[in-house]
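Right after this note come the structures.
Paired with subunit B in one complex and with subunit C in the other, subunit A is shared by the two complexes that follow.
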Partner chain A sequence: MGLKGILKLAAATSLVCSLGVVAASAASLYVPNLTYRTGPFAATGIPIMNGQRDYVEMINARDGGVGGIELEFDECETGYNTNKGVECYEKTKGNAIVTQPWSTGITLQVLPRTNVDRIPILAPGYGFSPMSEGNTFAWAFNPPVSYWDGAYMILEYISGGDMSSLKGKEIALLHLDHPFGKEPIPLFEKMAAAHGFKFLKIPVGLKEMQNQSAQWLQIRRERPDHVIMWGWGAMNAGALTEAVKTRFPLDKMIGVWWSGSDDDLLPLGGKAKGYKSISWNAPGDYAVMKDIRKHVVDQGNSLLKSSADMDKVFYQRGVVISAILVEGIRTAQAKYGKANIGPEELRWGLENLDITAERLKEMGMDGMFAPLKTSCDNHTGHAGAWMLEWDGERFVQVSDLLKPNREVIKPLEAEKAAEYARNNAPWPGRDGLACN
Partner chain B sequence: MFYRVSGQFKTSYESDMALFPIRQDAVLLGVILLAMYVVFPLFASEFTFKALLVPVMIYSLAAMGLNILTGFAGQLSLGTAGFMGVGAYACYKLTTIFPEMNVVVALLLSGCFSAMVGVAFGLPSLRIKGFYLAIATLASQFFLVWLFEKWAWLYNYNASGAIEVRTMDFFGLVVTGPTAAPVTQYYFVLVIVSLITFCMINLTRGRYGRLWKAVRDMDIAAELVGINLMRAKLSAFAVSSYVVGVAGAMLVFFWKGAAEPNLFDIPLSFQVLFIAIIGGLGSILGNFLGAILIVALPVLLNFVPGLIGVEVNSATLEHVNVMVVGALIVGFLIAEPHGLARLWALIREKLIIWPFPH
Partner chain C sequence: MDALYLMFVDPFVQMADAPDFFLQVLWEGLVSGVLYALIALGFVLIFKSSRIFNFAQGIMVVFAALTLVGLYEMGLPAWVSVGVTLLVMYGLAMCVERVVLRPLVGQPDIILFMASIGVTMFLIGFGEFVFGGENKVMITEALGIPTGAIELNPFDGFVLIEEKDLTAVIMAVLLVLGLLLFLNKTAMGRAIRALGDDPQAALSVGISLSQIWVLVWFIAGVIALATGIVWGARAGVSFALEVIAYKALPVLMLGGLESVAGAIIGGIAIGLLEKIFEIYWGQPLLGGNTETWFAFILALVVLLFRPQGLFGERIIERV
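Take a look at the complex of A and B:
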């Protein structure tokens, strides 16, 4: 017997050898996005990815790009599959000025590579919380708030601004049993120890997302004062359906920003009234949305099914994500005095973001997200977020801007960042990148 | 004409038992090895290494492990991904507990752990057969993934619950971690896969291979002629899990660089099983053919619209891709239910008598 069949591989690969990576024309900036419009998480992925795409298309159509250069927005489909993530990252990185990996699993794989390939990784509102520590994670950015910020702000909201009022209470965390869902646990544990509340972890396995009867039985038995949900994809709808079924008071239930999709709540309608979700973008009718409607959606250049979807929280969050990226590009262009920037320059831009309230107004996004400023040891910005409440038809803003307490979170970030660097030794850290 | 075997006489027992008794086979293999060892490393891009060559080899190896068990010994298993996970986690623990340990030693030792686990879960095979055994191995699959999630010691109490591969070198050459050159990793994987393939070809031709095949074809008959069923079945589980474990460790260490527990969930088991079935059960070559079809073809298909100048939305392309690959799998199985390896054997037979068929 021979191994001749490998010949087929030879023929096939010689084809690809000659292909190499996707070629981008010189007169544009290549910004790829590793999307998941297919697979188990597609329902939550599609609105965000539409928002990201449409903002960039709007910038191209309205302003002719950023600083006179067009953005070439490209999608590579991963289906939330980590194997596909490797493929997409390798395929797009050649000319890309940024990589947006989406899934936490793909982020984990890509993060060490970005140091070597010298390409910034933009993970708004996801990824690791310690990424904020820019002296360790020089190439990673997760503006405007991290998961630990989110956890802190939720506790702040529950306690009404006075953490000591949580003493003796019981707070349950219903979380996806996956790197993403486990992310806030260190902060909750630290806060529980400091303020004397009982913290209860209720994991939901990936296979149990749509059938959470065991978890909700536990919630009924324990009767926690609050349930905080760290869910994604099918888990959110599953949890909300169970909560309604078991008559859990929904005003005692608060989700992270990824658990606040209109599409999860619409089927429940009025029954889910009172459910809250923290969000770093406030939904509304902003000037930028009118521009997107005029330049992209009405032109038929959007992938949106219906223009009513533009009012949804997740679509607008996608818009915010691309807006942060575009601001990063703009900042880098101003610093280096050229339009055609590379990944290293964009890294500087993302590290020196300063989106003030005035700038937000100019962007037509006044109040859409909180003013944001990043620096060398702050790759997140820690801008703050608002509490949204489901009124039966849509999410409405019910709180003022909540801010995380950096003094509590920063030491934890430094500790976990150092731990990551130790586990992945030799970790390059800033690797001589100037901080200015 | 190209494959004429007339004139090639076997004049000694050695030549009769040679690995490649027909000269053309040996030449073809030589050409392939030359391509793999010399031509690809010279011309392939980073993308080709990372997205095509390395995963195809690793998946082929995993399927080869499964094929020993299912194709040669006839024991259906749905727990492959779990055993791959054991290999990966064992390798991770070994390299973190003993940081000085050579990565090759760790890799080969991690196979031993999965072999042990494989034998333990193979014990029911002494009593149950067929679909019932498949369900028993399915239990191991669920149990192992649950263990990877819940036993925090396995991932060193990492907050994210995932394992990350640190940078390791092999006599000064960086082979794992982000700084490892793709071509180095490629060679590393290639050498290990070649070695294990060579061992497996010989093993399946030899005493144990015959034991396994006898058990597969009719275990009662095998027992009657004096084959120790327990030894035959458990050795198949051990060898199979060993190879699968090494493949799992390489999947994480030489390809992905980080892994979450759910990577080793049932979809991976099915993927490997499909590779083995479509490639051809009871064949070594088939694993490579199957992996090319299941792993490399979807990647290559993604380039087709760009080559013919059609712009297709990435998500639509993914949907089309799944449909095309699915149709091809069904097509191949209708054309040749015994897999791609059998298809190649038929082509070869036709070539031998070409251009004068009977």
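Take a look at the complex of A and C:
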């Protein structure tokens, strides 16, 4: 082939590619996910991302997409590395109607950029807790509960509903030494000052995740009444192994929702019986799971290694996350009267979510997560969560729905949101975006 | 005065008040130290024979452990899986020598270092492709490693010794003794040392460079497998194991890159000192998590006085 031939081939290829991109962008809504299926945190990332992906695949297969338009679910691998996460954001933002950063560190980095790029961030159950303040963080959403909600609900559960009973007790926070792990500290400090309990921070460095003997020696020495774990990835399995080893009573140990993966507990089996983790999704055999099995897993279109993994808490949490996104898209489509919405319309949809108990039934998710309603000044919804307990083989629900106390948390959110806006001035706030 | 008391008196009062706890701290420090020394040994062996700082040592630990667990999950008996994993590590050593090192003979050290980063990237991708990124359970019991705990009651207190930690220490000691015997008492071992001491002279007397490189990368693979088993038994087998390789860096700075004894003593010293510092100074005075930096500071202080490390060779070049 001569030079002319090569040039013709290149021109034809680029034309076909361009047409393909145009066709794809017209016939689908691009919803990228900044995943981490590799690296030190892959073990906990994979099941969630599988759940997210399979729900979207099911919606495409069962309903032909949302409102007649298919969702193009794309993954960009970050390895939970903040720098790579920012690269992934930049790479995927072109046609995206949403960005899902999947790490508190990445969320904090892309937060200012999304104001400029006008793309909503969807960070369910993670990120910066004050993102709930929609008047400051117009483009960021962290439904159905924030980390501060989680911290409050754990204390509520420990105290049996009477916070004054915590007076004189010592509560240790075993946390990853990372923005995610440090996120609940302001709320715990506020609650410790208000209710007279001693709050002890025990950080775990990334390199110490699998050898936490020093942290557990400290726990043995201090003998706290409760240990609350804010762990992720290999840290969870490392902590639980050390807890069993040091004979810390596991019924006095509660993890945040990211410290409640079946895969972390299975190696310990019966030894970890009694360990609890708060969760905003309750595992179960829901109608939606049957649809996913029928339309995706049985068709061989899932990345799951075993269909038994569908019963696990983290997989089902991934399903819930995509369901929230899909509801946001539906809400926006209904408001704007068109299927092919853009990021600004989706932002409105996420700000006006109203997933009632009836709607959950229609979605085949009755009881899978709590009814959720967002608004201009409430981008989280603060729907509530349940306490799960490891029975030696699986997590089972052991509490009614716990709810965060907005009177305690909202002033702290407002204070920290204002502080963030001051430190990042000029911060646009709603920047002319109307409410409703 | 309070600060001075907390720094210079209180830690020792605590040690005397709770001697059983202090013994537990020493045991945990010793176990960590032995495990650090194991990782560092892999680095030292390869550096000693080829002047390559093997960046891939961490991922070799992951790869070896994943291969072992993967083979066992395929239905092979545990010890057969160990044997096949060793064959895989030998195959890896041959591939590295043929594909990566041989074409780079005579290139500057930095090129070889960059090549080892390339090997790391390949093993990450290949490992994830073959085994996936999920956490796996080390086949501790199938290998016959005891998983109970021994409780001792000195000074009316208690010290808990995990049997798998004890096994790890014994295994590491046997491995090191075997390695020292091999390096000092066999012809191949002496050849490795000769190549490290003077490559030109070693080559001139007929020592095969490629044979030695395959051998040391294989031994590093054996060490990686042992490391993977003992670390994996503590908190599962996943790609998170890779980060423990970074714990070997201060050990190498402290002990010297060429010294087997330096890796062992440096590893144990760092394990013990960082644990004692964290418990008695770091946690009460600095908010904890000093283990992430203490070893590096200690190594830097040593380097100020002995740039070659405690046991490294002082190189004098005359020009």
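Just so it is clear, the second predicted complex is superposed on the first by the 412 of 436 C-alpha atoms of A that agree within 3 Å, B and C clash if a C-alpha of one lies under 4 Å from a C-alpha of the other, contacts with A are read in each partner's own complex, and residues count from 1 in each chain.
Simple rule for what comes next: a contact is a pair of C-beta atoms (placed from the backbone, for glycine too) under 8 Å apart; a residue touches a chain by one contact, two chains touch by 3 or more.
Please read all numbers here as calculations on a predicted model, not as lab measurements.
In the superposition on chain A, contact of A:396 is made with neither subunit B nor subunit C.
Looking at the shared chain after the overlay, A:263 reaches subunit C, while subunit B stays out of its contact range. Judged by the touch definition given at the top, the superposed model places A:210 against subunit C, while subunit B stays out of reach. Contact with neither subunit B nor subunit C is seen for A:435 once the two complexes are overlaid on the shared chain. Of the two partner chains placed by superposition, subunit B and subunit C are both touched by A:177.
By the touch criterion defined above, A:194 reaches neither subunit B nor subunit C.
In the superposed model, B is the one of subunit B and subunit C that contacts more residues of subunit A.
Contact with subunit B, but none with subunit C, is seen for A:76 once the two complexes are overlaid on the shared chain. Once the two complexes are laid over each other on the shared chain, residue contacts for A:38 go to subunit B and to subunit C alike.
Overlap of the subunit B and subunit C interfaces on subunit A comprises residues 37-38, 177, 205-206. Those residues of subunit A whose C-beta lies close enough to touch subunit B in the complex are 1-10, 12-17, 19-22, 35, 37-38, 74-77, 79, 82-83, 86-87, 90-91, 104-105, 108-109, 112-113, 115-116, 128, 177-179, 182-183, 185-186, 205-206, 303, 416, 419, 423-426.
Contacts from subunit A toward subunit C in the complex involve residues 37-46, 177, 201-211, 213-215, 217-218, 220-221, 233-234, 237-238, 241, 245-247, 263-264, 266-267, 305. For subunit C in complex with subunit A, the touching residues are 18, 21, 24-25, 28, 31-32, 35, 124, 128, 132-135, 137, 149, 160, 162, 231, 234-236, 238-244, 246-247, 275, 278-279, 282-283, 287-289, 291-292. Partner subunit A is touched in their complex by these residues of subunit B: 19-20, 25-26, 28-29, 31-32, 35-36, 39-40, 43-48, 50-53, 55-56, 149, 156, 158-162, 164, 166-167, 177-179, 197, 201, 255-260, 262-263, 265, 283-286, 288-289, 292, 296-297, 299-300, 303, 306-307, 313-315, 317-319, 340-341, 344, 348.
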